[in-house]
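When the chains are written out, they are named A, B, C and D in that same order, and each has its own residue count from 1.
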Amino acid sequence: MEKKYREINELKEACGVFGIYGPGEEVAQFTYYVLYALQHRGEESAGIAVADGKTVMVEKGMGLVADVFPNQDKLINLKGHIAIGHVRYSTTGASELVNAQPLLYRYRGGFLAVTHNGNLTNSKELRYKLERDGSIFQTTSDSEIIAHLVALSGKKDLVRSLKLAAEQLRGAYAFVLMTEKSLLGLRDPWGIRPLSIGKLNGSFILASETCAFDSLGAEFIREVRPGELVIINEDGLVSEQLIPSRGEKLCIFEFIYFARPDSQFMGRNVHLVRKELGRVLAREHKLKADLVTGVPDSSLSTAPGVAEELNLSYETAFVKNRYIGRTFIQPDQIDRTAGVRLKLNPMNSLVEGKKVIMVDDSIVRGTTSLRIVDKLKKAGAVEVFVLISSPRITHPCFYGIDTASKDLIGAKMDVPEITKAIGADYLGFLSQEGMLTATGLGRDCFCTACFDGCYPEEIHFRKQKHLFGDRY
Amino acid sequence: MEKKYREINELKEACGVFGIYGPGEEVAQFTYYVLYALQHRGEESAGIAVADGKTVMVEKGMGLVADVFPNQDKLINLKGHIAIGHVRYSTTGASELVNAQPLLYRYRGGFLAVTHNGNLTNSKELRYKLERDGSIFQTTSDSEIIAHLVALSGKKDLVRSLKLAAEQLRGAYAFVLMTEKSLLGLRDPWGIRPLSIGKLNGSFILASETCAFDSLGAEFIREVRPGELVIINEDGLVSEQLIPSRGEKLCIFEFIYFARPDSQFMGRNVHLVRKELGRVLAREHKLKADLVTGVPDSSLSTAPGVAEELNLSYETAFVKNRYIGRTFIQPDQIDRTAGVRLKLNPMNSLVEGKKVIMVDDSIVRGTTSLRIVDKLKKAGAVEVFVLISSPRITHPCFYGIDTASKDLIGAKMDVPEITKAIGADYLGFLSQEGMLTATGLGRDCFCTACFDGCYPEEIHFRKQKHLFGDRY
Amino acid sequence: MEKKYREINELKEACGVFGIYGPGEEVAQFTYYVLYALQHRGEESAGIAVADGKTVMVEKGMGLVADVFPNQDKLINLKGHIAIGHVRYSTTGASELVNAQPLLYRYRGGFLAVTHNGNLTNSKELRYKLERDGSIFQTTSDSEIIAHLVALSGKKDLVRSLKLAAEQLRGAYAFVLMTEKSLLGLRDPWGIRPLSIGKLNGSFILASETCAFDSLGAEFIREVRPGELVIINEDGLVSEQLIPSRGEKLCIFEFIYFARPDSQFMGRNVHLVRKELGRVLAREHKLKADLVTGVPDSSLSTAPGVAEELNLSYETAFVKNRYIGRTFIQPDQIDRTAGVRLKLNPMNSLVEGKKVIMVDDSIVRGTTSLRIVDKLKKAGAVEVFVLISSPRITHPCFYGIDTASKDLIGAKMDVPEITKAIGADYLGFLSQEGMLTATGLGRDCFCTACFDGCYPEEIHFRKQKHLFGDRY
Amino acid sequence: MEKKYREINELKEACGVFGIYGPGEEVAQFTYYVLYALQHRGEESAGIAVADGKTVMVEKGMGLVADVFPNQDKLINLKGHIAIGHVRYSTTGASELVNAQPLLYRYRGGFLAVTHNGNLTNSKELRYKLERDGSIFQTTSDSEIIAHLVALSGKKDLVRSLKLAAEQLRGAYAFVLMTEKSLLGLRDPWGIRPLSIGKLNGSFILASETCAFDSLGAEFIREVRPGELVIINEDGLVSEQLIPSRGEKLCIFEFIYFARPDSQFMGRNVHLVRKELGRVLAREHKLKADLVTGVPDSSLSTAPGVAEELNLSYETAFVKNRYIGRTFIQPDQIDRTAGVRLKLNPMNSLVEGKKVIMVDDSIVRGTTSLRIVDKLKKAGAVEVFVLISSPRITHPCFYGIDTASKDLIGAKMDVPEITKAIGADYLGFLSQEGMLTATGLGRDCFCTACFDGCYPEEIHFRKQKHLFGDRY
């Protein structure tokens, strides 16, 4: 009877992580603010854990930071000078409270609080082995796997335990961990998921994106290196190359879509890279049209780039209703297209009788593109040229981006077919070469597996499914 | 201890109104959707009243539509084929539940549900007279005044009662009213507040903005004329020129700031007018700079206009955190500027070492401009040129826009003084001439009293204060 | 789909009222506590209004005191040394927020906050006249009528205005009123609804029941006299016989059912009167049985009286589930009798094979009695003798007790017929003589109209219906 | 600033457990009703887990059943024919959401959902060993220990795994467990915590108390035997004596205080045993007085027994305010004794000038008794004789009843000293002999360790503390 409106983004990110070690500070409040700044990385659940040198407490729940912490009641109870925080999109792990992070464990070494961003490609194999040897699981989160591995390592020293654990992990991950006394950050050997180090007066900070540092007025220091473990405690920050780096392979969708425009990776500002993606895209597809528009919000930086390069007028041809949130009631009674116009309304007076270049970041299933092209046509556009600021996605991602092979329109159709499928008069993807050029960074810096199938590591996924069955 | 973050918009709008007469339809759900589309006109309270030909029911509350109607429970109870809805910013009338609209009255004629947008300039005088003659008031809303006037008119016929009432009202108003059987719309004789008529299949619709029609897939018919009463019931739509029109004097801030870019007034699309405001503004201030940026969200249409005219690059130099809402906890512990960066973060990498043109819609108190210029400078901009897409505001508004004379920086300072006060390297306002040119409409079409002091009617405000004392 | 469990009490009380004038005290908190003590008089809505000598504020809502004031947030805002409070059962006036009390009015004399317990018998007539003369109504509460009458009186002095208003009122009422500076209490000329005066250090208190005084550790002074107005302000307590007393005719159901056992009226403790009602009842019906039990909670005082007089064992043969509240979900799936056993479970092991005397306070529709007799029989009782601690109700109440003539089983059937209808093996009512004897007070002290049709005043009800139609 | 009222019961029970196997039924709704019936056993958290033969889902939260399931939303999602439910008082395990039951685990055997009532006396030892061998803990609940033991047993068969686990457990427990396909119940070898089997048409039911069966209209079959495991699945109910029974040692406080009066254990109705406790108590202390009263609610059955035996009048001298719940705001401003009178108000008119026998169930710290005696004296009682329907508690309980040795007034003082400490004029405990007589059952049927120190098994508590330190 009552269906809540669930916006389907074609690509889903896999969480934002944060940690702070602030001697003499009450850091829960800081964490609360940073989670607002990282909220775009996950809207399903949010949580904060705090340590005071002796014990660890956690508060978390389903929904936005604003839902989980509607007032200061919970924050005030979170006393301590070390904190970690998390916002979550479910990729693996059902969307349930039990999977909300931080997860807090007690083991022989004391407390261990865990947050992560990413996806283990051998989680089924690890779960199978652990369960076979007598482990119990309360969640479907990858975080529980690392906790078991650490506890079972038999090592007294957490760093050595983590080393043994990390050697067994495959896939993409950025872990931010906390004990009673220490804050730790660990990045996978390819650096697929981002993690940076910042500093605010005497406090050290770890975060998925640098916009977190800005929100606190903190200073960016450097990125955590692939395979590096940083340990922050009363002795300051210590670094250990826990497992050998295999090169830097950041997920390029951080630049294309996930990250906030004011964040930076490898020294490049996301907004500027996006604008350059737009320029290169325009150079590759020299179209003539009456105006250029972008799909909010992801193309607000890219579309002006296209417009400037083509010397065309840039128009915000869509008005996005920003009030539609978790509790919006799905329209049953009225025409679905009306519901869709409520969320994203094209301006007839702008596009009527015009040739429109519509810029979007990517095409996954193609259904969103179809809907948006259709909106523009119904609003009177005579021709709709779609430009995509990334190459065609042809391969599934196993590292935490929610794309199943069977849904990928780019894996099933070539460009002319997709053009037809989405109802466009022209469809142009950015070339992989052009994309890498726009970043201003070497081609070795990124994981581009979804475009070319060159996965940084051997993928265990299918093998595991075969071996361990559906339950894992 | 716990302070909620209250965003201070420099200008506050005075509500959105909506009505629908839909024979055979359950119209509460429609109203719910439209209130989402009109939500930008008021975030303080929301409400829906429904009539079924025999009785009238109302549901309302404080907060956003999403807060008042978090699920279908209340909507399902609102059965009927006539509905009116309201979203509210308090201008007069304290921000209390009792003032939330629709207000529902029983009088000798039956039920009367009232919503309005606007401000009566003689409300104190009317209240004084009504109380003197024995009336009681439960709210501080202007809606209660019209209800008393209607009930006391002694007329059996609602249209005649409304005529007698309207003859006593001074100021700006757009009323949407409902009885058990009819929907009515009434606009002040100057047409200062907007009200339009739409049609969806067999249903008639009244709304403050045309984006309401789009959200339902309805058709725009025409605007309600100044002084016109439209009555919609089983006999269809009947129009009556209730009081003589005094000309058309739409508040020009609907174009500059209030309305959604996809709405239209007098045949002109708001986004296109804003873009043209930007172009004309650029022609009046031919600046050289490295980039143009706008303050979100009001200048997202204007700033590209400036950039294109000046042939400069348009950049979204600020990232606005859209998750910060009613329950956001004001930062006490950390530096306030940090809090401010959380809400609106300038991109250092973009503005560092650059000359920046910052476009905004208006300057009321100047505090917001000061803060934004300061942000840009701290982010590294070497020069900040501020361009405002409206003239200097020199006179207070008595028609529902929240500007008190003593706060108006434009009434106290000239341009060089304001430039200094906000810390800008250059400050340029749009000329009144230029503003009117950009709309493409005659100068007689608008109330521009806040720029030139030419109020459409004699203002009662100060006189009343003198006469009736502070209580009124 | 989702039905909330709504307990049907056969008799519904018409609200609890409270007022306090406490110089130098913050009295909202006191009011909050007293509303807990008076909560049994009304569970539909609750509210508190506070005055500080200059202005009046109100907070109210639907549900229990605990629902309306779930934490200190609202209480802390209610600053002032005068307060009135209210808990409500709807008798007239729909169960809507708009009818929740206190109602707050602004009129020529300033603020007037109104709470009341009771029912005007000429409300339709008064509403008709007021609407005819141009009054508007926002609620269906009798409180709005008195506010209109006061405002329209044309008198500058509130006492004289109240006198003119009171002269027009018919029926039962206890009003507690508040202006910016004063607290007032007014009781109808028959004293049908109770109102008492207490004192706590320097504060004067008005309350429906004396248990309110106990809850604050305050001292009982005296009852407000029929027709008396008490005014409490900086000059202390002043009394004025506003309208002539017509004798004392307290609703006898205050003793039988409504009031808390620890309250007192006319010098008699309610529990002791109830126990004596039981004794007299037993003397009138000298039954032989195995045990005596009472229906919780109303017969917890009466049943032991019966048992002691008959020298039988008193057993709590029913266990009432006290956790079942507003949000309890009505059983759809399982047998309704199961749902009923959840609420009130009879003890098989106690009644199996036994002759049981079941004591209850009254029979209105008879459905509750039927259900309870049935429960006992199903639990194994061989004979169930029902004793009722009041006479047969044969006439409707027009003073605020929710009994419509058509529902009264006592008006349609004689005792043998009712006995059969409820499935009892014996049914004995208390005689009217016996009931009065048990109170230890004169027969002139009570309204017993529902037993004998001797209404204290001419009843306007039917006449009004005839005259003014269904709308009023 | 804002303190919530937290009622301190002198004795705290350790949870209510429930399970149902109902082929073809949706059993979540049934479980919801039963949790209302068992709510008195725990008000801190509530939860339901449901299995459908393939998977297991759980919903739980802090507070009452009514708080956790405020509407049907969560219940509707719990689809399946097997369910377990739990209400909780924390004894061990902090009062946190993470400890709310049912706890749901995935292990090599599939799903295991666990609820329990009781307390392991060797939990620290077991935790120490488990952590030493690499186990991680997410809760402080004993339920997690049994899950680890089962998973680590290395057995494929759940019954054999449970046997190995149970052999390591010491203390009192009643477990209700669920897999995808089965419902299981296990009781400790002494039967200290209760667990019974019922039947409703084709469904089998397990519950802590038989009132759960009544609430569904189900039939009581028998109690689970000490050390017995019952397994209910598609093959029906199978019983296995998992570990040898050590005799039956039910906690006698189930009769004295914990259980609902309409429940039964070992064939005896709780209310009737309590009434008999009152009779025997009266025979042991043949006092002369004016009246007998009991402390609500625990002595509502006992006090009439005392009164009847002594041929004295039984009066409900206290009125308990049943509206005071979780959100009640602790009185800061007004006299604490006022707050106390709000919760429990003695009737002056009843006790004034009287000799009063006050019956209570037990004395733990003595503070409650002191307060109640004081109330009666202040209300005017000339003498207060306290009769306790159980012996003096002299030894701590290690099986889940919250009594620490240092708080036990009975361990520190003899009867004359306690009499003085609580301000009574006489204090009489029931003899252990008398208590056992009143139950009508053999002395071997009960654990009476808190009265005589004869613990059913060797206690590990102090030893563990010594060995494993404070962390466990």
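The working rule: contacts are C-beta pairs under 8 Å (C-beta built on N, C-alpha and C of every residue); 3 or more make two chains touch, one makes a residue touch a chain.
All of these numbers come straight from a predicted model, not from anything done at the bench.
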{"item": "Each chain counted as touching chain A and chain D at once", "value": "none"}
{"item": "Remotest chain, chain A as reference, centres from CA atoms", "value": "C"}
{"item": "Interchain centroid distance [CA atoms averaged], chain B/chain D, Å", "value": "60"}
{"item": "Intercentroid distance (Cα basis), chain B paired with chain A, Å", "value": "37"}
{"item": "Contacts with 2+ other chains: residues of chain B", "value": "1"}
{"item": "Touching residues on chain C, where the partner in the complex is chain B", "value": "98, 103-108, 112, 131-132, 134-138, 140, 147-148, 151-154"}
{"item": "Of chain A, residues touching chain B in the complex", "value": "1-2, 26, 29-30, 32-33, 36-37, 39-40, 64-66, 69-72, 75, 211, 214-217, 260-262, 264, 269, 271-272, 275, 300-301, 304, 308, 313-316, 319, 321-325, 327-329, 331-335, 337-339, 341-342, 345-347, 349-350"}
